[in-house]
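Think of it as A, B, C and D in the order they're written, each chain with its own count starting at 1.
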Amino acid sequence: MSLVLDRNALETAIAVAPFHRWLGVSVREASDEGIVLELPHRPEFSADDDDPYTHGGVIGALIDICGDYAVAAQLGRDVPTIDMRVDYHRPSIGETLFAHGEVLKLGRLLAVAEARIYNEARKLIASGRGVYFVGET
Amino acid sequence: MSLVLDRNALETAIAVAPFHRWLGVSVREASDEGIVLELPHRPEFSADDDDPYTHGGVIGALIDICGDYAVAAQLGRDVPTIDMRVDYHRPSIGETLFAHGEVLKLGRLLAVAEARIYNEARKLIASGRGVYFVGET
Amino acid sequence: MSLVLDRNALETAIAVAPFHRWLGVSVREASDEGIVLELPHRPEFSADDDDPYTHGGVIGALIDICGDYAVAAQLGRDVPTIDMRVDYHRPSIGETLFAHGEVLKLGRLLAVAEARIYNEARKLIASGRGVYFVGET
Amino acid sequence: MSLVLDRNALETAIAVAPFHRWLGVSVREASDEGIVLELPHRPEFSADDDDPYTHGGVIGALIDICGDYAVAAQLGRDVPTIDMRVDYHRPSIGETLFAHGEVLKLGRLLAVAEARIYNEARKLIASGRGVYFVGET
């Protein structure tokens, strides 16, 4: 599959969303194989004042965004999410996260993309999938 | 099943997380049947500058939080999420969301809780589930 | 939502599939609130010769079928499954299972249905969801 | 991760289940990278007398089994499924299916495994995940 949006075009598309700007997501790589997003930590991501691991809701959002823009990179536009799932593998504390997204299937109506989230030490923090509607609406 | 944490105790437990405070989640109801959380809109939730529907990542986070504290209300403590899934049913634009959480199964090791998110007009916006680890770690 | 296929029409629709006939699924109830399917045990369902609990694959199939025909009862035809998820709550050994299906959302393009599986003692064995494509293809 | 059960030991473990024997699952490969299962078609798998594509319930069962034995190959025993999800990508008609299973995370309490199902032409038919309990019970 070939890339329609390159790194810069993806970066621009992602910045359209106030929620993405608040999170601070940026695009690190975009190629035919998939995309890599980067999310530096911010204090508001913490799930506990005393034990500041990153909240699962932030990680779930990153999975959704990463799957969506993996599809967008091939399709040229972002797409509405039908459903999303996350498996949490390890806690992450106060560190930058890297989300690797890959399109599993890009059909005429539906797309499925997978995302894996790693920390700076390349440990797998979470992984999941989104299903997206790519047909005409 | 009976309630261990009442509305006020849940409110206090939820406020421990910086991410919950940033979102602005509060507890509207807590009873033996389940809990209801309330999330007023904030501009940073939007998925698009020009078309300000609430981002799926915010909605996913609310599903996770609602399922978690539905379990916490019965167990007396919040619990780590194993996995989470969201189905998106309708867009929501700039309005307060209400998340209804219900425990489907509270076992010795695992709990499953379901959450449904409604808008002010009582339309179903999204729904989903979380699986939580409730055993000793 | 109102019923388009009644109990007998659903029974006929379900019997079109060789896999449903092999499983032995029948329709116990069909109303505006949802449907109830019945699945008597057969020895081939067992997951272990020595410990004959019903295989998760059989239970997953029943979730998919129940969600699909809950949609079909309202739409008048069965529909292709986009994705499906099952949570396993308790083992079931050698007993008839009852699957309660309910449509959560019937849209123009997509439907989401939920199913809960009970045993004869009315204990919750498993529950889950299917997402179905209901648009024109 | 290293293999504890080789191809023959996996084959023996899988054959313990009457449901696996009825399906006709066999082990084609088992290595440190994962496992490959093979499922020849049988007429009872069909979802329609006139349009004999393989039923989603059979495909879901294969995802569950493949994830489970990908874990078993590393752990030395099969494990109870906590939850399972399947995405259906393409219909498959009357052909042998190949399920590739890979362990994403093997923890002290939980394991997550992914499975992808291909047909004889190497087209991706379905993919999904299982979460398994691997702790002491």
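In this text, contacts are C-beta pairs under 8 Å (C-beta built on N, C-alpha and C of every residue); 3 or more make two chains touch, one makes a residue touch a chain.
All figures in this text were calculated on a predicted structure; none of them were measured in a lab.
For subunit C, the chain whose average C-alpha position is most distant is A. Contact count check for C-D and A-D (C-beta pairs in contact): higher for C-D.
Subunit B and subunit D have CA centres that are 33 Å apart. Note: centroid distance subunit C to subunit D, computed from Cα atoms, is 21 Å.
Look at where the CA atoms of subunit A average out and do the same for subunit D: the two points lie 27 Å apart.
Among the residues of subunit C, those touching two or more other chains are numbered 82-83, 85, 87, 131. Contact residues on subunit B toward subunit C in their complex (touch as defined above): 85, 87, 89-90, 104-105, 107, 112, 124, 127, 129, 131.
On the subunit D side of its complex with subunit B, the touching residues are 82-83, 85, 109-110, 131, 133, 135, 137. Considering their complex, residues 16-23, 43-49, 52, 55-58, 60-62, 64-65, 80-88 of subunit B touch subunit A.
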